[in-house]
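Each of the next two complexes has chain A plus one other chain: chain B in the first, chain C in the second.
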Partner chain A sequence: MSLVLAAPRWRWRRPSVLPGFGLTLGFALVYLSLIVLIPLAGVVWRSASLGWPQFWAIATDERTVQALKISFGASLVAASVNVVFGVIVAWVLVRYRFPGRRIVDAAVDLPFALPTAVAGIALTAIYAPNGWIGAPLVALGFKVAFTPVGIVIALVFIGLPFVVRTVQPVMEEIDREVEEVAATLGARRWQTISRVLLPGLAPSILTGFALAFARAVGEYGSVIFIAGNIPYVSEIAPLLIVIRLEEYDYPAATAIAAVMLAISFVMLLVINLVQAWSRRRFGYGA
Partner chain B sequence: MALDIDAPAATVPLRPTTETPLARGILIAVALAFLAFFLFLPLVIVFVEAFRRGAGVFLAALAEPETLAAIRLTLLVAAISVPCNLVFGVAAAWAIAKFEFKGKAFLTTLIDLPFSVSPVIAGLVYVLLFGAGSALGPWLKSHGIEILFAVPGIVLATIFVTFPFVARELIPLMQEQGTGDEEAAIALGASGWQTFWYVTLPNIKWGLLYGVLLCNARAMGEFGAVSVVSGHVRGLTNTMPLQVEILYNEYNFVAAFAVASLLALLALVTLVLKTILEMRYGHAIAGAAAPH
Partner chain C sequence: MDLSIRNVSKAFEQFPALRDVSLDIRSGELVALLGPSGSGKTTLLRLIAGLERPTRGAIFFGGEDASRRSVQERNVGFVFQHYALFRHMTVADNIAFGLRVRPAATRPSDREIRRRASELLDLVQLTGLERRYPHQLSGGQRQRVALARALAIEPQVLLLDEPFGALDAQVRRELRRWLREIHDATGHTSLFVTHDQEEALELADRVVVMSEGRIEQVGTADEVYDRPTSPFVYGFIGDSSTLAARAEHGTIWLDDRATGLKADGAPDGQGSLYFRPHDITLVDGCGGCIAGIVSAVRRVAGNRRVELAVGGGRERVEIELPADQPVALGGRIAFRPTKWRFYSDAAAAAETAEAVPPAYALTGS
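So, the complex of A and B:
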């Protein structure tokens, strides 16, 4: 009798003998709502209450558009640099054995651990016109600190571990037999790498790129010291939010934040889609 | 007879599944040069600049009352925000990893949300929520409750940016471990609390420590979010990273780098402990190589 009743009933959770489901889920949901969801919804609500004309006027303001262009442009360049060098670093760490490899491997996570303000002043000291690298570059006619190039330098630093740590585990899982087969069939080493290995790594490289890009777009601490922060030239979007807040121009700050949030969520969606596609196509997540 | 030893090596053809020694050398050199410029040099210069005028000036810079106040505030903020996220992480991981329910994947995505939000926006959300222009602002003011430009705001912003660390470390780990151990404990008559304390916790302790380590490093080093809500009141609402900024903007470089060197030291200690945990207990830390 009870079997007949239980079988067709739709349940939103599978029964379990373990206790504490209601308590832990309830606490997690309340905490998540109070700390993250309600405050974030506030941004959406406040920008919606601006009304479309005012929102559009702020979002298309010349200074806002330039700041967004600089943020996204510099992030795109930095994430691309990270893909090139990140893949090389991951390859070297996975495939080659050399003295100090373990230390180098551990050091890759430094940008995760080093506070962004510290990274910011350190990079500025190096690339300033009187710095260790800045001075020789100025002599050659290149100015790095206090220009958009400086922004890219800071974002490369911040984004590096994302590419390496996303690509590295996938590289470790590559079946060596695949390469042996390619070699047996007459492929040269370069052909094996470019036609056999890289396509399999593509989803993880793409994910690493997207993670580094997403992080770079929102980055603030490491950039503001080295950027010079000249409006229309080297002023990033997060800094413009801070400037608007300091002017008590909350509507402008909220509108810029809403634009950035919208783009971040699209990025998050793309990352999830790439990972889902990768799992279907290659049988493992990126 | 050295020739005899060298001869076979020269005649054996290169394995076609590896690169030539030259290609290897170039790739290793490129990788190491890149890391030297982008990782090693910034770390070195922090300490070089901090000790530029000697250890005496370095120590004097750290003994400034405002700097000491910043250190105390940073420790206080981490001491509140890390345990909060620790409790949340364990509760969320218990619900998500040990039970099957609808909407689980969506909940996991929501927990990761703070990582895809700019730190500046993380600060902004609390300014909008508690600021003068908000619905709560006037009420808080009339009751004398200070959240913005005071310690509670800094703690909230720090909790926001470090929100997912413990949870995302524990969820994959506890999912991998399954529910068998806990079900056995319950079947043998253990209470829910005993099951967690004597069965689950020993299984997850290294993963938990790993998550707390990363959470703490970020909590102590957070700049953007805290900068927005702190109000920069000297000696009162400046954390160490904010103190670095203020000293730097005053061209007090030695003092700025002195405080920065403490934070760099924290990063180094975090990296060393993290590496030790990965090497010794790698099997007990899920997703050890996952990006954060």
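So, the complex of A and C:
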């Protein structure tokens, strides 16, 4: 009998009581390919058929560039706004018990559930120059509907639940003792928030930001009503794709799509890297 | 820093957690708050720290009423059972936190802060771990970091809430000895909460025994063990056996049998007889003894625990005999406590009714 242990080597899986590793892995790969990878490859392949000079011409076309700037710019602003207010909403829901808390909690999910077109029409009705909020704003000299500001408002609306729902569970995990110990050590409230609480929440806040941002970049339904869709001013990239499709200009549509895909991919990659770093550094549950 | 708690009561939504508690702690003392869960010991500690506000009464730090000062201004070091370390900070940053959050006027220089942190790391024997994060440390190491962090602000009072409660037995014993050394070296006035009597008796200069929001007894380990002033303290600290008994004509009776124990001074009437299982002698015959039928025998380390059914089996008491003493199940054993206390029911009733100090008690020896 030899007592030599098997040399440690990389293994496909660890022994488990649950069967079906091969089947489920195969299914997951096929499914991902069918649903995600093949359509995305189609976008790249279709736009590749354009040839580089033509692709470049469409991608750098003034109207395309403006639409992309508006899409990504408004999404960034909206996701940032959502980070600030989403964290506050999550805080209120986690920390305080008040009558109607459950209703507020449920209301946070409404932007998930509502058909985006309905949200768009509702927002437009309220923010239009003759709407409830729009009219007083116009009187003050702010025009919201049919400008990039309107786009941001629509994107803030649809992105809110992403931040709240990613931050909330992590916030619930924070031990009150950590705040109490900070207080006994002499930390003022704002110091406790900025030095103790927020760093611990950073990874989840980043995740919420990334999700809200990704959702905003792809948003179409709620934006087109309130945006006014003025080329070069308030026209978003997804809408431009639709316009090209309606003109039967499929190569142009896929070219814009490919550019969006590339930018989104790079941004999400960067966010994910930052997230992985901050999770290692600060993360709750580390 | 002397600490004085005067007539403090605390209620949480009608539930009284502390009832009229008064306690004086001398500067440099190490005091244990000992009691079962729900006895109010943690509440008392949190009141001192300022994490809760008393419903009634006041707490004095030195001569000054601390109720006017916020938690931040009280300058207390607080150590939680589950460490409550800042998990996104390194060990060194955790320790330095209390110094870094000071207003610029009183904050030491960065260099000084680093020097203090590394000094404290040496004190808690974690030299070289300053760059680790809390999740890279063992439980015992984390609690050392928590203590160093509390010591960094040079607290007037050090408060520890079940500091070793989450650790395993061996680390616990080791940290206990080490905490005593740190206390002797730094001289901070310290209070710690525990439900572990061994920990309290071994570590503390004085033990405060609490039950149901009241202080039952304050004293040294010897005092609370040898001269418990209430049945609760007798039963809570150390092993004890108890029998319902009666004082009459200067002796203690079990039903109609004289125990041979003198009850000088005790008023006639019902009460409870307390004694420790090991403080007994066996007697032959029974002209004044407690007799019972052996109902169970257990071997505990070097001794034998014998459970006796006394008074026709209505009550059971435990006594401890040497392991070499033959004991037969079902046999009859007669013994007499060598040390005992008799608590009369009348005195106890009077105490709960009017909070009259101290319970009427007798000691034999």
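Heads up, the rule we're going with is that the second predicted complex is superposed on the first by the 232 of 286 C-alpha atoms of A that agree within 3 Å, B and C clash if a C-alpha of one lies under 4 Å from a C-alpha of the other, contacts with A are read in each partner's own complex, and residues count from 1 in each chain.
Quick note on the criterion: contacts are C-beta pairs under 8 Å (C-beta built on N, C-alpha and C of every residue); 3 or more make two chains touch, one makes a residue touch a chain.
Owing to the predicted nature of the structure, the values given are computational and were not obtained by experimental measurement.
Novice: Let me test your reading of the model: by the given contact rule, A:Leu114 touches which partner, first (chain B), second (chain C), both or neither?
Specialist: A:Leu114 contacts chain B only, not chain C.
Novice: Tell me the contact category for A:Glu180 with respect to chain B and chain C: first, second, both or neither.
Specialist: both
Novice: Once chain A of both complexes is superposed, is A:Trp132 in touch with chain B (first), chain C (second), both, or neither?
Specialist: Touch status of A:Trp132: first partner only.
Novice: In the superposed arrangement, which partner chain does A:Pro199 touch: chain B (first), chain C (second), both, or neither?
Specialist: The answer is second: A:Pro199 touches chain C but not chain B.
Novice: So, does A:Ala257 touch the first partner chain B, the second partner chain C, both, or neither?
Specialist: first
Novice: Output check: A:Arg97 vs chain B and chain C. Expected answer is one of first, second, both, neither. What do you get?
Specialist: So A:Arg97 meets neither chain B nor chain C here.
Novice: Given the superposition on chain A, which partner contacts more residues in chain A: chain B or chain C?
Specialist: Partner touching more chain A residues in the overlay: B.
Novice: Shared contact residues on chain A for chain B and chain C?
Specialist: Residues common to the chain A contacts of chain C and of chain B are 180, 183, 188, listed in rising order.
Novice: Which chain C residues qualify as touching chain A in the complex?
Specialist: 49-51, 71-72, 74-78, 80, 82, 84-88, 97-98, 101-102, 133, 135, 146, 149-150, 152-153
Novice: Please output the residues of chain A touching chain B within their complex, sorted ascending.
Specialist: The contact residues of chain A facing chain B are 12-14, 16-21, 23-25, 27-29, 31-32, 35-40, 42-43, 46, 85, 88-89, 91-93, 95-96, 98, 102, 104, 106-119, 121-123, 125-126, 132-133, 156-157, 160-162, 165-166, 168-169, 176, 179-180, 183, 188-189, 192, 208, 211, 214, 217-221, 225, 238-239, 241-242, 245, 250, 253-254, 257, 260-261, 264-265, 267-268, 272.
Novice: Note which residues of chain B are touching chain A in the complex, please.
Specialist: Of all residues in chain B, those touching chain A are 16-20, 23-24, 27-28, 30-32, 34-35, 37-43, 45-46, 49, 87-88, 91-92, 94-96, 98-103, 107, 109-111, 113-114, 116-121, 124-129, 131, 133-134, 156, 159-160, 163, 179, 182-183, 186-187, 191-192, 195-196, 214, 217, 220-224, 227-228, 240-242, 244-245, 248, 253, 256-257, 260, 263-264, 266-268, 270-272, 274-275, 289-292.
Novice: Per the contact definition, I'd like the list of chain A residues that touch chain C in the complex.
Specialist: Those in contact with chain C are residues 175, 177-178, 180-188, 191, 195-196, 199-200, 202, 281-284, 286.
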